[in-house]
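To start, I am sharing the structure in question, which I have written as structure tokens.
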Amino acid sequence: MSVLATLVTAAQPVPVPAPPAPAATITQPPISYPAIMPILIILGAACVGVLFEAFLPRHNRIAAQLVLSVLAILVAGWRLLSYADEMPETGTITLGRALAVDKPTLVLWATLLVLTIGALILMADRTVERGGYFVADAAVRPGTVQDRAQAGRGEMQTEVFPLALFALGGMMVFCAANDLLTMFIALEVLSLPLYLMCGLARRRRLLSQEAAVKYFLLGAFASAFFLYGLALLYGYAGSVQLSDIANAAAGTNRSETLLFGGLGLLVVGLLFKGSVGPFHTWTPDVYQGAPTPVTAFMGACTKIAAFGGILRVLSVGFGTTSWEWRGVLWGVAIASMVIGAVLGLTQTDVKRMVAYSSVAHAGFLLIGAIVLKPAGLSATLFYLVTYGFTTLATFGVIGLVRNADGEATHLSQWAGLAKRSPLVAGTMAFLLLALAGIPLTSGFVGKFVVFQAALSDGMAPLVVVAVLASAVAAFFYLRVIVLMYFSQPAEDGPTVTIPNLWTTGVLTVCVLVTLFLGIAPSLVLDWTSSGVFALQ
Amino acid sequence: MMNLSEGAESVVAASGSLGGAWLVVLLPAIGALVLLAGGKRTNAWGHLLGCATVIAAFVYGVVMFFASTGLDAGQRVQNLHIYDWIPVNALQVDFGFRVDPLSLTFVLLITGVGSLIHIYSIGYMAEDRDRRRFFGYLNLFVASMLVLVLGNSFVTLYLGWEGVGLASYLLIGWYQDRPSAATAAKKAFLMNRVGDVGLALAIFILFQQLGTTQYTEVFAAVGDGRLSSGTLLAVTILLLLGACGKSGQFPLQAWLPDAMEGPTPVSALIHAATMVTAGVYLIARSNPIYSASPDGRLIVVIIGAITLLIGCVIGCAYDDIKKVLAYSTVSQIGYMILAVGLGPIGYGLGILHLLTHGFFKAGLFLGAGSVMHAMNDEVDMRKFGGLWKKMRITFATFTCGYLALIGFPLLSGYWSKDAIIEAAFSQGGWRGWVFGGAAMLGVALTAFYMTRLMFMTFFGEKRWEKLKSTDGREFHPHEAPAVMTIPMIILAVGSLGAGAYLAINHTLVDWLSPTLGELSEAHDSPFSTPVLTTISIALMVIGVGLAWLLVGRKPVPVEKPERVSFPVRAARRDLYGNALNEVLVARPGTWLTRFLVFLDNRGVDGAVNGIAAVFGGGSGRLRRLQTGFVRSYALTMLAGSILVLAALLMVRFS
Amino acid sequence: MTPTYYLLLSALLFTIGAVGVLVRRNAIVVFMCIELMLNAVNLTLVTFARINGSLSGQVMAFFVMVVAAAEVVVGLAIIMSIFRTRRSASVDDSNLLKY
Amino acid sequence: MYETATILAQPPAPGGPGDLKSYLPLILLFVLAGAFAVFSVVVAPLVGPRRYNKAKLDGYECGIEPSPQPVVGGGRVPVAYYLTAMLFILFDIEMVFLYPFAVTADALGVFGLVEIFLFIATVGFAYAYVWRRGGLDWS
């Protein structure tokens, strides 16, 4: 305690400048509406969705919500594409420098929009289970008579659709945020709906609620870190603009303790969202407990948003000081890859296993994110695109394997699946190979470009670790394939539910994208390497 | 990408029928796609489609071969650009083929032997409900293998490399109801991954140093001396690690014998004739790299020599006919690796032996398959005996393969193996003696275990008459149907004549010279060629004679002697009273055999299993950290944050 | 009076909050500790606004308050629902998901 | 003696040993906090008796003993109370933005007015949802 006493008594008064009087008039910052139109459409549609919930009769809601959300995403995508043509080469910084809409932003936005359509269709599927994946009435206590009654009701909490749209809007802002405060608000806008959605599973509601509590408490804990980091950086630079922080690092008389303390805390908050080890502890529990389409949405889209944010913060805000922090993130990347690869080996639940796989993938992504060169940026973006599609499809397939109690996610229940349903087993095997990074899948090209970018930036030891980690990780994917193909099916094993056409379509598209990006990645690679972050 | 080359090579853009090389790959790929995606609808004609695509690919391969022979030597290395696979700023990976004598040779081997084995499989798999899927996997294998040999960059090679690994893995585990098959498949995948990591790292190093992985550019850069000798050595060792994994070389050989759990045509095609030779191909293909690194080559030679002896010795100890052949494969690939490790003097010889081996070993496996087919899938040679009367065609073709393998004068193996031995001796100094001696010793051992196999299977007492198979049926050995015997006969003809055709006048070596360089003449050898030949024939005769003494003269016990491997039993019975012989020959031999079997089962498997156990055990323990308590998760996060913060500040301020 | 004291106080509050998250079992108390961390940040922001002589820090504090309120609502909803199921607000009782 | 004020006003001297001083308090604070946390989490289950009781798990750990809770229903305090409290916090705090707006309303002009009405409208959507879904019914 004496240290604290020392701290307090030793403090000397410092001259404090008086705050200036507020300006007499405040000029309105210019707003480029075409640039931010996709966000406005998504968030507006989410508000309309809330009104739908308020005023539409219950039986109409699901169709109305689905149509509204998909339509909104399509319109947003259309606006996005038309803006892509007219956007200046260096991007647009708008809303008083709060948002930066540039080439990487557009890539991330487009990916998020497409994947969210897929996730929404999975969420709306009511053929695999009567009433869908979501609970009919979340307020009913699990285990009661009413709960058993609602399990058979063909209804669901349709609030998931506006919630998903809000989360999507948050993710889009998060990727484009050019200052830390906007980023923080976006972080909360994307997280709060996800916390709620995690707790809405129709079956196994105790697990689902537990996942929500854990995700919420840890998420809030992590955002407190992020926020404290923000405050320290504000103290350092006098501003939370990323570019101001970068400039301040070049010349200020403030203590660099504030800079690096702030950076460390900020990065912890971001790494948590990207489920990078050792900040991954929530991932397996939440992935397992959440309703599977929500897991798919989280696994694919949150990862993209989080790494979009990490990429921008590191390269725009802290590019000038990379020498100091890079070594630390090396360590984090290695920890993440090792944790993911090693812990994944002994998992017995498919969803947990994929969760650990996502931790390992987060490590690979982090390698790309700390390259800080155009090659690293484009490689990481490409990896995100491939990973998003593969993950969405993986969870989509996991949601189809069911028995009388709902989803059969225990690995032993997957034994001999190839005999019962060759198509689903084959699809799953292909997706697992893609996650393992076997050639002719997008996963291979993704790893390849990330590793090459890292090599060209002198990170050979990291790449060696990464190659070894991916070799270790290949075993747990292999375990599932072995189980599906080389084991006898259990007597009372699960059946594969035939999903509706829409879900089938989503899974097909994702699998085809995974294959296509493995054979001809050039289209997307051209796209991801077409521009860099706007600096201002 | 065209005409970039310099140095020794000249590469031109592919044209004419060589420009259609993609067709060779596409045909089996389409076959695989149709068969695997088509489902039950294709059951009726699936096997025919599977054969047709491979035969068509073979025909086109022959067309390309003749088109290529019509060209000048300088025109024979052709590059076929297909499309830009991964084009990002600094990184250009083209997907393209390199059609040159080396890849054409492999195309002919793969599609030729592949066609025969596809046809054979129609008969062999006739009773399998999933025959269509089997052909789908086989087609997938052929397509991947062709990508492997035709690719014009290391990345394309890696693509095929993983593809054949996958197909091999699926086929080893074909009999899903046998736990041993699943284990064997897993083991194969596991050990191959070890090798693959080596290959991947080698590719990354090449890219990092040279900024490309195209053969043309890599070889040109190596020729210009742009790699330091340390880097070169690292690349050669990592490539060799890849080769060891795929080709079942020491210390990664243990998966190959287990891989015999797969159906016999698979053993013949993938685990004898083609896929397992990919390692030899890799080293031969990378010959400019190996030529530039004598130290790297020395390691290759050492690995080859060790493997060839290990394979021979262990081959003496097994009673399982397929395992003996598998260890024989390990040992023969050891010869090939030894040969390509010798440098310019040996690249062509390695490929020559690879081709002749492809013929006779595929033939031997098909023969073994035919025997098993006749004997209710029994593999224990102790239950065979006297089969030659019952299955004359099989016996005849098997004998051809056998004679070729042991190096009977003027048959295939004789030409290729003697050339390798001669090249090994010509290394001069201790190396010549050691490697040449190892190769010589291998000849005697090969003759011994193969003769033992012949005696136990085809001669002697009909032990099966008194026995029943494990499923309670009696044995009624019979000759296989024509669809199986005809491929065997064709391969037998190859075993007899291919060596002579390819070796006399250096036909093959000259043909390969645009890729592998001119064969340098052996010199510095302590023996002249006729002397060497005589010695090696003498050793072969000794091996055969010893086998006759130990196995052929006496009845073979049906039950494997308990807890004692065969040579001990043999030594006690047949060498009784001959104490000197026992002490000098049998005992050490027994110990050596036992030791090597032990090493193989415990040591190497143990190491691999040990690594797996370390990861698995670590994983199992670390898993417990995920306690399910939110507070402990928060603690992990806080600890992580403090570490990150402390590290950041430490880096900055220290 | 120097602003440094406020910074130290806020750092202390933040630390107390963080430690509270780790050592308390009751979900509501854990949650209150997180709120404490957020409010510590507010204090930091306001102090830096004073030091920097700009108002933006104070405006940020408004945003943080609003976000914290939204978080309270979502968090309380989740904690209430699990409390009603389990009759216990101990975070240690919800550990079905593990390993 | 550590000059903590130098955290704030310090010449930009990169990496001299003198800099060590300025970050030491922060580090120490974190280390101390971390050590305390680890100590508490690790030691508590080891030395402490594991006796849960109502008082330990009670919401505020002070004041009077809560009365026994009925098995069904919302317990001592009905759920409706929590719901209302939550809604109150939410809508109450959102209004915090009206203060800075009111202070600078003149300077912001018409644009500010439009913006704040948009903001109020957004809150209105939420209000409509709560109202229509019975969040305001006390029963």
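Going in written order, the chains are labelled A, B, C and D, and every chain counts its residues from 1.
Just so we're on the same page, a contact is a pair of C-beta atoms (placed from the backbone, for glycine too) under 8 Å apart; a residue touches a chain by one contact, two chains touch by 3 or more.
Protein identities per chain, from UniProt: A = NADH-quinone oxidoreductase subunit N; B = NADH dehydrogenase subunit L; C = NADH-quinone oxidoreductase subunit K; D = NADH-quinone oxidoreductase subunit A.
These figures come from a predicted structure and were not determined experimentally.
Enquirer: Farthest from subunit A in C-alpha centre terms, which chain would that be?
Expert: Measuring from the centre of subunit A, the most distant chain centre belongs to B.
Enquirer: Measuring from the mean of all protein Cα atoms shown, which chain centre lies nearest?
Expert: A
Enquirer: So using the touch definition from the top, which pair is joined by more C-beta contacts, A-C or C-D?
Expert: Pair with more contacting C-beta pairs, A-C versus C-D: A-C.
Enquirer: Using mean CA coordinates as chain centres, what's the gap between subunit A and subunit D in Å?
Expert: 25
Enquirer: Round to the nearest whole Å and give the separation of the Cα centres of subunit C and subunit D.
Expert: Those two chain centres are 4 Å apart.
Enquirer: Round to the nearest whole Å and give the separation of the Cα centres of subunit B and subunit D.
Expert: 66
Enquirer: Where in subunit B do residues touch two or more of the other chains?
Expert: Residues 623, 626, 628, 630-632, 634-635, 638-639, 645, 649, 652-653.
Enquirer: Subunit D: which residues touch two or more other chains?
Expert: In subunit D, residues 4-5, 7-8, 19, 23, 26, 29-30, 32, 37, 41 touch at least two other chains, as defined above.
Enquirer: Mark out which residues of subunit A touch at least two other chains, giving numbers and ranges.
Expert: 4, 7, 11-14, 22, 213-214, 217, 221, 235, 256-257, 261, 284-285
Enquirer: Once you've mapped the touching chain pairs, tell me: line, ring, star, complete or other?
Expert: Shape = complete; every chain linked to every other.
Enquirer: Residues of subunit B touching subunit C in their complex?
Expert: It comes out as residues 623-624, 626-631, 634-635, 638.
Enquirer: Show which residues of subunit A lie in contact with subunit C when the two form their complex.
Expert: 4, 7-8, 11-14, 16-20, 22, 138-139, 141-143, 181, 184-185, 188, 192, 195-196, 199, 205-207, 209-214, 216-217, 220-221, 223-224, 227-228, 230-232, 234-235, 238-240, 284-285, 288-289
Enquirer: Applying the document's contact rule, which stretches of subunit B touch subunit D when the two form their complex?
Expert: 631-632, 635, 638-639, 642, 645-646, 649, 652-654
Enquirer: Looking at the complex, which residues from subunit C come into contact with subunit D?
Expert: 2-4, 7-8, 11-12, 15, 18-19, 22-23, 25-26, 28-29, 51, 59, 62, 65-66, 68-70, 72-73, 76-77, 80, 84, 87-90
Enquirer: Residues of subunit D touching subunit A in their complex?
Expert: So the residues of subunit D in touch with subunit A come to 1-12, 14, 19, 22-23, 25-26, 28-29, 32, 103-104, 107-109, 111-112, 122, 125-126, 128-129, 131-133.
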